[in-house]
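What follows is a single structure, written as structure tokens, with notes after it.
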Amino acid sequence: MNVFNPSSINFAWLPILPLVAVAGGAIAVLLVGVRLQDEESEGLGFLALVSLLAAFILTLFTLGQNTLAFGGALATDDYSAFFELIIIAVAALTVGMSLQYVADAALAGAEFYGLVLFAAFGMMLMAAAGDLIIIFLGLETMSIAVYALAGFERRDPRSNEAAIKYFLLGAFSTGFLLYGIALVYGATGTIRLEPIRAALTSGLAANPLLLLGLGMMLIGFGFKVAAVPFHMWTPDAYEGAPTPVTAFMAVGVKLAAFAGFLRIFLVHLGPVSARWTMVLWVLAVLTMTIGNVNALVQTSIKRMLAYSAIAHAGYVMVGMAAAPAPSAGGAILYYLLGYAFASLGAFALVIALERARETHGLIADYRGLARTNPGLAAAMALFMLSLAGVPPLAGFVGKFYVFSAALSSGLVWLVIIAVLNSVISAYYYIGVIVAMYMQEGRIEVEQMSARPALLISIAVAVAGTVIIGIFPQPPMNASVNAFASAVGRPAIHATALLP
Amino acid sequence: MTTPIGYFMALSAVLFAIGVAGMLIRRNVIVMFMSIELMLNAVNLAFVALGRRVGSMDGQVIVFFVMTVAAAEAAVGLAIIISLFRSRETLNADELNLLRW
Amino acid sequence: MTQSFPALGLIVLFPALGLLFNLFWGQRAGRPAVSFVAPAMIFLSFAVALWGLARLLALPAGSALGFTLWRWIEAGPFHADIALRFDALSAVMTLVVTGVGAVIHVYSVGYMADDEDYARYFTYMNLFELAMLVLVLADNLLLMFIGWEGVGLCSYLLIAFWYGNPQFAYSGRKAFIVNRIGDAGFILGILVIVGALAANGVWTLTFAGMHAHAVLLRPVAVSAGLLLFLGATGKSAQIPLYVWLPDAMVGPTPVSALIHAATMVTAGVYMIARLNFLFTLGPEAMRVVAIIGALTSFFAATVAIVQSDIKRVLAYSTISQIGYMMLGVGVGAFAAGIFHLMTHAFFKGLLFLCAGSVIHALGGEQDMNRMGGLRHKLPTTWVTMLVATLAISGVPPFAGFFSKDLILESAYTSGHIWLWLLGVITAGLTAFYMFRLLFMTFHGQSRVAPDTAHHVHESPPVMTIPLIVLAVLSAVGGLVGLPNGVLWGDAFKRFLAPVVEGTAARALTHPETIGAVGAILSAIAIAAALIGITLAWVLYLRNPDLPETLAERMRGLYRIVARKYYVDEIYDLIITRPLFWGSTYVLQRGVDSLVIDGIVDGTGFTVEESGEGLRKLETGNVQHYAFVYLLGVLMIAAYYIYLVMR
Amino acid sequence: MGGIWLTALTFVPLLGAFAVLMQTEDRAIWRSAFVFSLIPLLISLYLFAAFDPHDGGYQFVEAYGWIPQFGISYHLGMDGISLFLVILTAILISLSILYSGGGDIEMRPREFCFFILLLETGLLGALLAVDLFLFYVFWEVMLVPMYFLIGIWGHGRKIYATFKFVLFTMLGSLLMLVAILYLVGAARAHLGYLTFDLPQLYHVPLTRTEARWLFAGFAIAFAIKVPMWPVHTWLPDAHTEAPTAGSVILAGVMLKMGTYGFLRFAIPLFPEAAIEATPLFMALAVIGIIYGALVAMVQPDLKRLVAYSSVSHLGFVMLGIFALDPQGVEGAIYQMLNHGLSTGGLFLLVGMIYLRRHTREISEFGGLWKSVPVYAAIFMVVMLSSIGLPGLNGFVGEFLILLGTFLGTAWWWFAAIAVAGIILGALYMLYAYERVMWGPITKAVNEGLPDLNRREVAVMVPLIVLMVLMGLYPRPLLSRMEPSVTVLLSRVHAAEAQDNRSPQKTGLQLAAHSRSQR
Amino acid sequence: MPLWLFTFLAVIAIVGAFGVILQRSPVHCLLALALTLVDVGVLFVGLGAVTLGFLQIIIYVGAIMVLFLFVIWLLNLQSEAKPNGHLALKFFGSIGAAALAAELSVFFFSAQPISRVTSTPSGYGSVEDLARMLFSDYLVAFEVTSILLLAALAGAIALARRVPGAALLRAPAEIQRAARPGSTVR
């Protein structure tokens, strides 16, 4: 019975510094917040931004070194860095667009920003996780924070309702995810990802426990990324939650969920991809189709965006169904990047306009926006077009890569279905543009200059959507290398990537 | 003679299913939440049993974490329920339909 | 051999200049300038044409003058130039077109004197001259087609010159569309020819070139011939496409004289004569041409008998006379056809101008029932018209006699007895209705409306001089073609021969007929004419009420003939209406709106409805959500069970 | 490397678009927009002069890596096929800006000019791109501004029209995207590296089935754009509701993108499949010719009539393209230009009269010649060009197409049917003209209509001059097309030589043959 | 652990579980749940996870259940009204749950090696082992739980503390009314 000896742990500071920064920021915000009134919450926002900035910079340092820290608990590779950077950016943008909102709604700033940071912490953890339990914990941290955020607008019954629905179903699916983890653990005897892959490659791919666990985890993640039929919570939660939170859910949560999803399935369950691509094929079709067709008939902008978020998850799953293709991973990462900017931007627009007056956030309310505020209208149009996948915007290039990956692994029909879905989606995305540009109506927008943070967030989103669309090379390299690093392959040369 | 692990797994499966059923058939949000706790426990049982089978402690450690998570969830969940009750004066799942379509 | 003669360019250049002048400066320059420039240009062309003729005569027979302006179309090996060719045939045509044209231009100066759109009128006229000259001077089929459609355009514009009247506008369109139908045939004919030549690696459309490779055309001669002849029926108002010409009479009378009598409508004959080497390779085609020609001439003559509108009578007589020409070229007597074309240009142009003068005098009256006894009031017009009438009736020694006689003779000697017979009868009819026209207009007692009666006056010299010029031509113009053996006998034919009776043609044409047979034939023709004249005299001068009684007697027949055999109505019924009806209700409302758009919108609708349906699944009840979730779980689990069990 | 001419050509309008956004005062907006549309015109004219008429390949080529790791390059080039479409685009855009500035567009001129210039960039880019990816990008880019033009400045059921337009086109182009990706995949399997570069994709070995499917993928996209019957129904709506400038560009240039696509991509990439599909496409083309003409004949709305006439004219173009012999293809290209001029002109004229009367109902007019003679005269000329009167541009194209069809294919009798289209063309046009311009003036409002003003005349004159010039002296154009067309057809023949299933391609083979002698 | 004991405990657990989902009054449900949890705790011990068994009882029954109880009392919930419709959902829900149980069992019994029990090292499941694991392999996870709890804390505070301006933003009824007019496009 040897005594416990700390030196037996290989202790690496660098990988956890970004996490520490974020968590520290959260705690700081909470502590400072105790002394502040809700009205003066901007300060806290900036504090949060500072910590995020710090985390961002620290993450940059972790680039390039692909190590497993803490006995494999944390995987510090470009993959995690890639997602962490995006997540931090997303969180920062969320904070940015919340500043005014929180102040106007007189929400409890300390808790709000604190929770955003906690959620970000959880997300980063999911991206960096090296074993199942860390992923689980990260996911829970994120979820719990987001449950709370969803119900944050306590005076709005819809907010409570969104929170409770999200919470109940979330906890429900946590059960399934856990069960899945349990079974995989039972089948492989470990919860570290690397050994699991090793175990798989050494046979036992047919183990029923493994298969069931695989299925259960698939369900758990399917819920988080809002894949049909585990998507039902999405529209309600998105619509009810305070809009900045919605944005955070639609982008941050989805990204983090995919970060874990991809790392587990594409990277470490890759050897048995034959066992799950079929399921993803079906899920992708369902998700895209139902998402788009539903979005088609929505009249509330937030609900419409919710369904569009579902549909986009579907496109990503098209990429996942193409797992055998070497290019799939990079394509998906790039797609998520493009999606993040456009979607965030759209929600930022929603915030800008919904604060303009007491609107129900109907698409119809956007009529005539092109008159009253051409700038905003143009930005919104840009995001819509990017989401619809019109070149040369990011959305198009993403679709382009994902489809080509799918084709290269022979999923012609899946791609055609996806393409038809894109046509459907064009219909409702353009519906927004029609409302803004081609229909009469008067929506007054309060002076944007009064809300610099929001304005900057929108600007960033626009820049991102356009730039990574026109110069897809650097981000594409980044995502390719990121995925390669996760697989542990040296950065494959790109020509190996497309079909 | 000792009980095969399979039985424990079966039991966990049954409990899990009952939990699911509770989630589906009970109107009261709190009771639904309880059913979820039930599911989590079924999973815990599975963890311990499987851990026993592979002969490693990991299962138990995970259960430890799951308990923590359960506690955290309980805290937030109940808080949500409270604020919900404040604004809506009901915990009946049927009446939570402001958001639909 | 062809000799380059750049001056040919001038022939078409002058009308072009006139066109531009009238188009852009006509309004500002004022009437005097216009009335000088427009005819002057045509006279200049005429002069150049004479010069060209002189050059041509100087050259050995069968040679031609040519001038290539520029390479027009070239795609792959196919190419066509914008080039002019001035040989015997085109020489005759050019002289007719410019000569008669010039005269009529002068006449127009008087006739249109008080029309507000003076400049526009002469713009069109010059444009017409230009197009017509391109048509006759073209050295290849494609360029000819430019002129071919160009003249069609001009007739369209000029028929509808007084566009204010919807009826006129309609007639104009009708003319163009009917011509277009013919032109379609023309184009296809060109395609067939090119195809046949290209199949042997020959890429040419020049008449010389085609003539040189005529052998290659043998397989397609009939089809190509018939297709081109379809074009001719449109342009030259033959059955079945003649319907536009009578309506075309609503245009200004000089237009009717120039375009719808003298020149344009004879283009079909010219074209066939031009392509004689092709037609002679396809005897069937020739026969069709001849038969159609004969039938048309007879049929039109019958209609002409009962018309009361002076210009309509002339219109139908034009159709009838062109029928003669077709008969001529159809039986292989191309020279005869062209000969009649020329004489016809003289006397028919003259007839129209006279009619114009009458109408002018009566202030626009065209109904012969309101004329009569005008010969004292309009002496010049009467005399000239008499000459023209004698000419068309084929009374020697006037122009018409020789040409018509030549045609009939050729018909007979080439063995088409029945066609010859038909021709003879038609000759009688022609004489009859022409003299009917003459009598009803100038003789008997005046039926002129009293208010117009008192200011009826002879036309100004600017109009009468052209009458006289043409009258002279109609009188003596036939002498260039005296029967064989008489004096310079058959000079005209000999002049044309190298062009129109090339190697291939000679085989088919009749042996030179002995004078005796020719004399008999001529006698019969003359007899027919005289009978017709006497009949007309009896009916319309001796006892003018007889026609009515006759009409009463055979009312049914009379109505049918008077209504022009209801051809227009039939066409309208079986072609026009179904077309419009079908387009509206079947294509537009049916296929487009119902079927295609139905499918399109239907798809959208379906998608949207299913959306509405799916939407309802979002009941807002958490437990429903959880249930759907559970279903998903069961599915996936089931899939994996399947994997395990397998 | 041909300098930066093509890049300048393509992106000057974009520059202009943003320059226009800077402007505030209306006159300044229009002026700068016009200037910026003139620059590409001048450049394209220079290129016309500098174009080497004996070279069938791409000229003024620019090729730089864009996304090298995916074999996507920024590769622009111009050959005899695209040269004239480029010039046409430049001309029509300038003219429509010039026209729109004259009071047609009162509302939000800044955005209007912005979108028009953006559109020009898209169009020119699509015409010059030699890289499939680049092409696709421009292809989509040109869709968006057009969609705004219709939707914002349109009339009537503009929204419906817009949606129909976008969804139709997008469906097609996305299928094309799939085809492109698949093709590139196949290319990689063959070449071993990744490329979207058109010339390199020519020689990708495909199984017959693959080729058929891929050809279908491309062909559908292009056929919708053309539009061929029966996917044409978006066109009348789009045209009718679009603002005048929109219709002009849509009809004048955008439809050509479809036909151009066939020439540049669909046919040379999959010659065997194209040859197989010839009867189908010729049949559709002929149906389009007759159908469009008949439906146009019964339209009560002048603009709609012109729109349907486009269906008929483009039918001719498709007929010529699938004749697959020099006459047919050159005729088709020529007919694209003619259609751009004549139909563009007609739309402008309709717009002018709409500006005066705010209606396009034919029954509303009558006897206009009396009140607006100049307008009527110009209308007459443009109409004649549109119905292919010999001596004007229209005839050259139509004749060559018919000739090509007759010579080049075993289905020569399609030419015979198509000729009926010429008759009907005259019918509906003259019928409309008669009702609008001739007859007595029925409506008092039409009495005092102002005739065309200087600006409007200035808009029309260049078109008419071109019509006459191109009618009488088409040679400089045809001779520049010839080499490129030869190159194109030699590919087709090569493919055809492999499987000789069309026995009597008389004219075609002889054409190729006799050229080889020259 | 002997089979009879397992059977006994299993029966209790299942009965308790059914108690949770079948009883009217939330409080009774809670008690039934507590019963099941304790029972599971005993099963843990039986599986050799002694520490964990006790933790289970302490944390769950001692903390979480009590928390539930407080809330129930705080909101003084009455027992559910009589089953209000939703029979379809109840029916199919139960079916689905049963099906799930069935499917899961299929897996467990089709997995052969599962019933083998490996001999465990001495002190398996002891506090030391647990602690060592926690502070070596699971250090990160352990630290993360602290953050997790902190987040939960913040969230709970944010949600549960009194609303400053107690007035609702909009009354549910009004929101219902503001529900979607006809769709925009068209």
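Each chain gets a letter, A, B, C, D and E, in the order it is written, and its residues are counted from 1.
Here, contacts are C-beta pairs under 8 Å (C-beta built on N, C-alpha and C of every residue); 3 or more make two chains touch, one makes a residue touch a chain.
No experiment lies behind these values; they were computed from the predicted model shown.
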Chain whose averaged C-alpha position falls nearest the assembly-wide average: D
Taking contacts as defined above, which has more of them, C-E or A-B? A-B
Centroid of chain A to centroid of chain C, CA atoms only: how many Å? 79
Inter-chain centre distance, chain D versus chain E - centres from mean C-alpha coordinates, in Å: 67
When the C-alpha atoms of chain A and chain D are each averaged to a single point, how far apart are the two points in Å? 44
What whole-Å value do you get for the distance between chain B and chain E if each is reduced to the mean of its CA atoms? 3
Touching at least 2 other chains, the residues of chain D are 159, 163, 167
Going by residue number, chain A touches two or more other chains at 133, 137, 140, 144, 147-148, 151, 154-158, 163-165, 168, 172, 186, 208, 211-212, 235-236, 297-298, 427, 434, 439
If you look at chain C, which of its residues touch at least two other chains? 604, 615, 618, 620, 622-624, 626-627, 630-631, 633, 637, 640, 644
Would you tell me which residues of chain B are touching chain C in their complex? 20, 23-25, 32, 93-94, 96-101
In their shared complex, at which residues does chain A touch chain E? 1, 4, 6, 8-9, 16, 23, 26-27, 30, 38, 70-71, 73-74, 106, 108, 111-112, 114-115, 118-119, 121-122, 125, 133-134, 137-138, 140-141, 144-145, 147-149, 151-158, 163, 186, 207-209, 211-212, 297-300, 360, 362-364, 367, 427-428, 431, 434-435, 439
Over in the complex, which chain C residues touch chain D? Could you list them? 70-78, 82, 142, 145-146, 148-150, 153, 156, 160, 163-166, 169-170, 172-173, 176-177, 180-181, 183-184, 187-188, 191-192, 194-195, 198-199, 201, 203, 579-580, 582-584, 587-588, 591-592, 596-597, 600, 604
In the complex, the residues of chain C that touch chain E are 623-624, 627, 630-631, 633-634, 637-638, 640-641, 644-645
Report the residues of chain B in contact with chain E in the complex, numbered from low to high. 1-11, 13-22, 24-28, 30-31, 33-35, 37-38, 41, 44-45, 48-49, 51-55, 57-61, 63-65, 67-76, 78-83, 85-88, 91-92, 94, 98, 101
